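The letters A, B, C and D name the chains in turn, as written, and every chain counts its residues from 1.
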Amino acid sequence: MRVAILGQGYVGSIFAIGLERIKRGEIKPYGVPLTNELPIKIEDIEIVASYDVDKNKIGKSVYEVAKNYYDIVPESLKDIKVRKGIHLRSLRNLPIEAEGLDDDLSLEEAINKLVDEWKELKVDVIVNVCTTESFVPFNNKDELIKAIKEDNKERVTATQAYAYAACLYANEVGGACFVNAIPTLIANDPAFLELAKENNLVIFGDDGATGATPLTADVITHLCQRNRYIRYIVQFNIGGNTDFLALTDEERNKSKEYTKSSIVKDILGYEPPHYIKPTGYLEPIGDRKFISMDIEYISFNGAVDELIINGRINDSPALAGLLVDLVRLGKMAIDKKEFGTVYEVNAFYMKNPGPKDKKNIPRIIAYEKLRMWAELKPRWL
Amino acid sequence: MRVAILGQGYVGSIFAIGLERIKRGEIKPYGVPLTNELPIKIEDIEIVASYDVDKNKIGKSVYEVAKNYYDIVPESLKDIKVRKGIHLRSLRNLPIEAEGLDDDLSLEEAINKLVDEWKELKVDVIVNVCTTESFVPFNNKDELIKAIKEDNKERVTATQAYAYAACLYANEVGGACFVNAIPTLIANDPAFLELAKENNLVIFGDDGATGATPLTADVITHLCQRNRYIRYIVQFNIGGNTDFLALTDEERNKSKEYTKSSIVKDILGYEPPHYIKPTGYLEPIGDRKFISMDIEYISFNGAVDELIINGRINDSPALAGLLVDLVRLGKMAIDKKEFGTVYEVNAFYMKNPGPKDKKNIPRIIAYEKLRMWAELKPRWL
Amino acid sequence: MRVAILGQGYVGSIFAIGLERIKRGEIKPYGVPLTNELPIKIEDIEIVASYDVDKNKIGKSVYEVAKNYYDIVPESLKDIKVRKGIHLRSLRNLPIEAEGLDDDLSLEEAINKLVDEWKELKVDVIVNVCTTESFVPFNNKDELIKAIKEDNKERVTATQAYAYAACLYANEVGGACFVNAIPTLIANDPAFLELAKENNLVIFGDDGATGATPLTADVITHLCQRNRYIRYIVQFNIGGNTDFLALTDEERNKSKEYTKSSIVKDILGYEPPHYIKPTGYLEPIGDRKFISMDIEYISFNGAVDELIINGRINDSPALAGLLVDLVRLGKMAIDKKEFGTVYEVNAFYMKNPGPKDKKNIPRIIAYEKLRMWAELKPRWL
Amino acid sequence: MRVAILGQGYVGSIFAIGLERIKRGEIKPYGVPLTNELPIKIEDIEIVASYDVDKNKIGKSVYEVAKNYYDIVPESLKDIKVRKGIHLRSLRNLPIEAEGLDDDLSLEEAINKLVDEWKELKVDVIVNVCTTESFVPFNNKDELIKAIKEDNKERVTATQAYAYAACLYANEVGGACFVNAIPTLIANDPAFLELAKENNLVIFGDDGATGATPLTADVITHLCQRNRYIRYIVQFNIGGNTDFLALTDEERNKSKEYTKSSIVKDILGYEPPHYIKPTGYLEPIGDRKFISMDIEYISFNGAVDELIINGRINDSPALAGLLVDLVRLGKMAIDKKEFGTVYEVNAFYMKNPGPKDKKNIPRIIAYEKLRMWAELKPRWL
């Protein structure tokens, strides 16, 4: 199966590196939830294209780019060239010199160019791991189409343009999958889901569930099942990768904050006072972010308990490991013709599982439902 | 429904206090997992008897005893007198002057005395919250009977004697329930399960799942489902109540250590290096124990992550809240004639769920199975 | 000795309550660094006046106001009435209805009114515990005087007006002390120090050293003395009192951030990458703030160590305890005629010790120097 | 200056490696408190001999042995051969095959052999970094001499034999230094101090102050100076190096526990309830031990605060870095003829600073006194 990566940053690079190292038997597939239980094997995944909009990456090989993020990079990544993608305003305010197809082309032309390339490359699954954007969902299919036709570069974000391109592409080749691992609403935007169903596209999204948020979900489920009343939740996190840098931008931060705190209400059924948001950027912390949580709750007879959870979590590998499953599940969904989106997949892998009207459930249960969807035996049910 | 408490210590007292306060509408039933969803309501629970072997408690009212543990004690507890129980060697090495029926009577006589009292009191459910004992399971019914007949006071522990009495009692009244909330193996001892089935006794056990252990179970399930490889687990805990004091005794500590670490292997399928045991006693910490966990695991592409969890958890209320469910579920099991033990109940509420051949499963899933057993709608399945 | 409190909020109330309880022998003077070692005893402190600008407090007794913050309030506080102070823009953006002398009077008139009241009350020490303000220091005495004369209510803050009033008052009575426990620069503003010297005023300031910052100072001193190289420092803190609410205002937050991070450079001699600032407000956390620090440093042979410090610290009592010393030291400084400011006092008690050109030193050493200034034997030197 | 290492384990190896790497300019002298401020430079230190009693190490080069502990080992360490030392019962119960001079020789003979070797090697400073022993101090010089004469191998430990050898050696060459970095009392044993003075030996000791203990000292000093009353202190620590393995032996653990908790009383002046001891051994934690502290204290007006400190600290580099100072200070003390012991040095570098009647003082102050002893300007006094 053939994969295109949109955004050759930290996550995209660790995904490429880890995948090759697993194929060569150098490392075990730790961090890949379904390991090699799926009918499509990890060894079957082939990265065939990579896109970015950083002037310093375009035209280089994935090998060269990945060297910036990790010491050990397999030589096989020398064969994949980083192509020029779409940026729109996605790198605004970041210390990166951006360059995109949309600099010289209209939106429609840029999108058509991508579709042509994907056809040539015979891509199955397109994985979006761009930088977190500030965005407004479309909700209405016609408005989306109109914005593209009118070349409204202020309205459409890079992710929205990519997802639209994926629809056109799926229509032409009879089936494809778009995995949206960033907060921009795609699997939660009815405009995209309607288009996806009409065009034979599978969408997984939104926002890959890594780090503190899914852990928080399982910890509060634990408390909720014992009917312990949560007085408040604090969740700080700080990191030194580009994603944290991007989140110092207030607009981008808001989309993240929403995703992170909706989980709490979905699971508890009430919304305890909480402070949950990406807190800061500090370069030397690097990709191994620091998280700190404080939860106070009331137990039997009014007793007040407290949990303090600290963690050092490698941000990019956490997401990259999920992608190894998601691209394979994407291919399976295409084969099953489950166009639109698949809640069973999103509920485990995504912070904000689409479609829009669906809520977060405890991850530990979502895992079992995912296995059943993937025709694997549940582990404990 | 009518309850007898064995061991009027911290847990037994908080259970009695919290129950009365909920009945009077003074507090909400936080910490009671199934709240008032069950057909038997919290208001239906009546404590009719209490037993202890501390010379300073016997003969006093539960009100007087409970005052040692908590400021606000409802007057209604003045009506329940603490009776003399069985001690055998259960308080050995503890700074408590012990006195038991077995001081003056043979084992059989003492047991018969209890059965007579329970008949008079029309007890439904007997809750065992004695101090953690050093013990040897029987495994064989005949050996258990023989030890009692031969008045072998070195072989039989208080809990084993109580559980045996419960069997005799259940036989006479046609049904009863014994809830074993301490580590002594009862629901995991085939000798007791066989006797229970023959005599119409329901046994729930063993060792109420409070504090760090069930949380650990859910946290490692979280890691396991993402195929993160656990390098090691450290779990310290220290408290200042009698239970921690008892655990400074090496023999008792071993039974606890076993319970706590078996969960890890049951869920992961492999046994990572771990140090999990009650670590120490420090009086001024009181009932609000301090726990500290350190977990290091390997994520995708060999990345090493770390979680450090600290907590301040009120030990006794955590267990007391579970008891409010367990006594009601016990009555339901009697009515359903599910004699022996009920794994669906044990799997959620107990650290070491019986019967012996059954393993721990993630608590978040056990909760849903419990609800189904109790004829409640699962919340997320 | 006679004290006036400016700002009858959490700190002011706990100060008044704790002081009375110590006098009555109800509690020990924990949290008061120099306890009763000083020649002026805790019993000698008398609160004679209180000022606030919250409409709901003015005219009430300190007893009534203090009841909002703590259950046990000594009756003796019924005798002190909360008077109307100066607000200028100090409560802007806060959910408090403000009312001040400056609503109806010019700055000069308001200041004169205060001076008259203090003369009548025979105040020795004036303690400023107003809400954190956004401010611009004057640096130049003439500009300060000009702004007051011209009634420039946009330029002068409440604290600056109070400090100016203290100068006038000290001049009239021959000596007084102004303790500035909030971040507004007073002891660090040459304009005020010049005025203070000319008018027989002692100023202590700025910003009482409570909570995470002085602890951080001592922890990094510990690392610095072992020549461990700090890779970065993270310090989050969140609370639910009015001060944290005030700090959600970006302008106020900046003055706090400056104070907090200057300590790091002063002690280390270099400025490691750091993220140190009041992070958020969450009402149910109340006065017992949650702090979380992460420090990574390099030890011998390139080894990377990590310290994670979490704390739950009662914010207001920490400062209130320091005030019990500061007012007595203030009286001592008046008696010694050390007008202007006293670095030895500020270095231990203040986050940003004046005068301006003086740096932070490790608190553990500042403590010994303070003792020597106060004519007490050092403990370890 | 010329150094002999007793115990070529983790600490001895990191010391040798780090020293060579600093000399070559590969790394900075982080973790060396006095860096290159001393008149004797780091470049002047030469390791000329190494001793061990592990059969697998004796006869190998330090290079070969150090490879077990660290990847990067300078080639220059190929020139130093590990010699056979004295073991007595020091490796009892450890999974190491021990072999010592004392297997074939009497104590006197073994000691004389060492003295001869040191004379040939022209050793200045002997550094003892053996495994923690179970021991009984002598207190009386004559008893010590008698035990050696009588070849009482049950009474004398390896460290005591080495220290005795150092006395004989110092006497012969006119001056030497013995640095005791393990808990065996040497600088705190009057028997050894008397001998040292008579024989021109400088002793530094006992037990190098690394890890959680000196940090605890500074943190409780911080609390003490604010007159906060400590309700209790918990300090857990667990590691995976040989030292932690050795401490699972109850006897050895007791000597460590004593050292660790005496600091608390020395500084506070009272002894708060505490649980401070090496808690466990877990191999995969390796040398980067996990520490967890919980301190609850009372602040002003009865407020209860809590600090929880977690750390990951590389054990061996922490001590190795101190040794780089200690050997140079040892040479300085010889030159100054300060025979016996030097409290100013011990107070900063040792957990249990000798002589016996001297107490712990806050490290931050000890540092300044150390600088003055070493004729360096204090940093903040």
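Heads up, the rule we're going with is that a residue touches a chain if its C-beta (ideal position, glycine included) is under 8 Å from a C-beta of that chain, and two chains touch if they have at least 3 such contacts.
Note that the coordinates shown come from a computational prediction; the quantities given were computed from them, not determined experimentally.
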Identity of the chain that, by mean CA position, is farthest from chain C: B
Centre-of-Cα separation between chain D and chain C, whole angstrom: 44
Chain centre separation in whole Å, for chain D relative to chain B (CA means): 47
Centre distance in Å when chain A and chain D are each reduced to the mean of their C-alpha atoms: 51
Per-residue multi-chain contacts in chain D, two or more chains: 306, 308, 310, 312
Touching chain combinations (by label order): A-B, A-C, B-D, C-D
Sites on chain D touched by chain C in the complex: 14, 17-18, 21, 27-35, 70, 214-215, 218-219, 221-222, 225-229, 288, 298-314, 317-318, 320-322, 324, 361-365, 367-368, 380-381
Footprint of chain B on chain D - complex, ascending: 231-232, 234, 236, 238, 273-275, 279-285, 290, 292, 294, 296, 306, 308, 310, 312
